[in-house]
Amino acid sequence: MTSIDDQDLFSEVDEAPSASELEAERIAEALLFASAEPLSIAYLMERLPRGVDIARIMKRLIIQYAGRGVNLIRIEDRFAFRTAADLSFVIRRDEGEAKKLSRAALEVLAIIAYHQPVTRAEIEEIRGVQTSRGTLDVLMEAGWVRFRGRRRTPGRPVTLGTTPSFLDHFGLEEIRDLPGVEELRAAGLLSGRIPPDFRVPMPGLAGDELTEEEDPITQLDIEELGLLAPGGAGEE
Amino acid sequence: MTSIDDQDLFSEVDEAPSASELEAERIAEALLFASAEPLSIAYLMERLPRGVDIARIMKRLIIQYAGRGVNLIRIEDRFAFRTAADLSFVIRRDEGEAKKLSRAALEVLAIIAYHQPVTRAEIEEIRGVQTSRGTLDVLMEAGWVRFRGRRRTPGRPVTLGTTPSFLDHFGLEEIRDLPGVEELRAAGLLSGRIPPDFRVPMPGLAGDELTEEEDPITQLDIEELGLLAPGGAGEE
Amino acid sequence: MATDTIQSTAIPMDRLWQDADQRGVTEPALVIDVGGFEGPLDLLLHLARTQKVDLARISVLSLAEQYLLFIESARRVRIELAADYLVMAAWLAYLKSKLLIPQQVRGDDGPTGEEMAATLAFRLKRLEAMREAATRLINRNRLGRDVFARGAPEHIAERHGANFDASLYDLLSAYANLRQRQAVTQVTIERRKVWSLVEARQMLTDMLGDIGDWTALQHYLLQYMPPAERVTATASAFAASLELVREGKLEMRQEGAFEPLYMRRPVASPAAEPKE
């Protein structure tokens, strides 16, 4: 501790605080941290030990946090922690709040997971409604769904499947780890009233391999599907 | 250098950090402060300046915040700021407390936590009773329990385990920190097999006699067991 | 066998009157609240607690007797007991007989009474340990009650590229709901009081896991069945036992027509435990 080295950010203000002041400081810190809104002096006073000098405690805290990544700031007669203004570039980098997947997207994703390789028509058959274009786009954008190949049937429909990052996100080692009817039922996800012939497919796919009924997708297919907008024109 | 005064809470770890380390520290602080969820090392590394020693920075931060009202805690490979546990009495909020778990759900949660990865059949073996629907899904909805994978045994039963937010919720760094887990393991109580030294002494009884350590079951016991004699219902 | 939903059956008042008349009014009427217990093991644990000794030192014999007494009382007032209470009663009656019979030379035909008793004591101890663990767990400082996260988070983190959030639970419940919705059928079958093959099989495997030598299980079992369930229990247990024989998990023997059916686990069974 030769020189007051620069990491000594939380160092001294004026004179040493008493033990009860330190405790009050800790309480104020915790309250300010946990609160959704700036806290008034009155509010803090109510909760800090009696007889401590609130102004002094707040002043000490402000100084202690001044150089750090988080600052204690004063807004009129209220106090709040805020990330340091000069670091806003780090914080705001991924501005977009995580969006909840829509119910439709969840359903489509689940169908793709369980029934893969599955075509769009099959998804619609299972859901009983048309799937809007945006739904699949969302799942693709999330990186959870991919085109697998083309089914060797008339019309050569494109087959869909999940990606490794799907497994990663949902904490599955392999697609076969998805729970079956019995487990869904035991977990309370399926109610007791299901027809006796109710089945949940057990996807037996290993990774990227195509099944015998699938052909690989070619560059041509991709353009044809409107996935690559040729010449930068937007899709649809 | 002589006395480290007591308010010097945020003082040194081992050697003086470089300026770039200090900056990285500030950024880490800001990111962690801003987030309600624990942040993974991978996430932090993506955002901190290249080449800094993350482990060292996190260690410094943990030490610096150790005595304060807000602590930096580790949950597996994630970090989060949380209010200090010893301040619970000041900021404890009873409203909004997480849904009260039923006794069965709590028991199932404990079994999953201590025995994971565990199959449903094993849970039922331990409890001696089928798990009713709604028990598991309450735990899954709370985000504490998840499907982990499948056991490599015939039938490939799905296994259950806890989530990182289970650890976060109960203030555990990792599963090894579960209260009493080592003692339970040592006593063989976390296995499906009866430990070899577990023997019940058999009184060589020829009939219904009770040993000295036993009392006969009485009418009172029966009442206590929930065999309630409704006062005077018979006489009415 | 949804034990968690056992209700104590209300006894009609006039029945109580009749009973009281028959028994003499001195004997108090009992209302048994089995619903307070999480199954037979829970009840046994509760009974064992009354012995006030280490679970490794309990008298399994007297425990078995207490349990059987409990079941007796319940049946006397015609409480409908879930099947697993009765299965446990049958098993304990069997255990009791094994404990009381003088020790035989130990063949290789399954566990001795002592071993069965030790297993039971172990299971009780393990269940109790889990109960204690649960209590300790729930009394820890908990996030959102004792310990708090940042009250005003500024961004949501931990998104690698994709800014979408969904848990496996969301995914599975969406799928289950959808499939169920699509599978709406008008099949609403009135539940008959029938032992399904699955239930009977489960019951048999549970019991046989601990029984080695020839045993007329049905007899033990039926004794504890309400008359109305005896036929279905017998039929299902028989069918299930045939299935188990076919799979090599069970051996059966019968002296002649209408003689008791004896069952046992195959002697040289590959150590395939039914469940573990």
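Every chain is named by a letter (A, B and C) in the order it is written, and numbering of its residues begins at 1.
The rule we apply is simple: contacts are C-beta pairs under 8 Å (C-beta built on N, C-alpha and C of every residue); 3 or more make two chains touch, one makes a residue touch a chain.
These numbers were taken from a predicted model, which means no experiment stands behind them.
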item: Chain ID, smallest distance between chain and overall C-alpha centroids; value: B
item: Chain separated most widely from chain A, comparing mean CA positions; value: C
item: Approximate Å spacing (C-alpha centroids) for the pair chain A, chain C; value: 41
item: Chain B and chain C: spacing of chain centres that average the CA atoms, whole Å; value: 27
item: Chain A-chain B separation of Cα centroids, rounded to whole Å; value: 23
item: Touching two or more other chains - residue numbers and ranges from chain B; value: 31, 33-34, 81, 83-84, 91, 131, 135, 137, 140, 146-147
item: For chain C, residues contacting two or more additional chains; value: 148-150, 154-157, 167-168, 172-173
item: Touching residues (chain side chain B, partner chain A) in the complex; value: 1, 4-12, 16-17, 19, 22, 25-31, 33-34, 47, 64, 67-70, 81, 83-84, 87, 90-91, 120, 131, 133-138, 140, 146-150, 156, 158
item: Residue numbers on chain C that touch chain B, as the complex places them; value: 1-5, 13, 16, 20, 25, 28-34, 36-44, 46-47, 50-51, 53, 56-62, 65-66, 69-70, 73, 84, 99-100, 113-114, 117-119, 121-123, 125-127, 129-134, 136-138, 140-150, 153-158, 167-169, 172-173, 275-276
item: Parts of chain B lying in touch with chain C, wherever the complex brings them together; value: 31, 33-37, 39-40, 43, 80-85, 88, 91-94, 96-98, 101, 103-104, 106-107, 109-111, 113-114, 121-122, 125-132, 135, 137, 140-141, 143, 146-147, 168-172, 178-180, 184, 187, 189, 192-195, 198-203, 205-208, 210-211, 213-215, 217, 221-222, 225-230, 233-236
item: Residue ranges of chain C touching chain A (in the complex, touch as defined); value: 148-152, 154-157, 159-168, 170-176, 178-180, 182-183, 185, 187-188
item: Touch list for chain A against partner chain C, complex; value: 30, 33-37, 80, 83, 91-92, 94-101, 103, 106-107, 109-111, 113-114, 126-128, 138, 141-144, 165, 169-172, 178-179, 184, 187, 189-191, 193-195, 198, 200
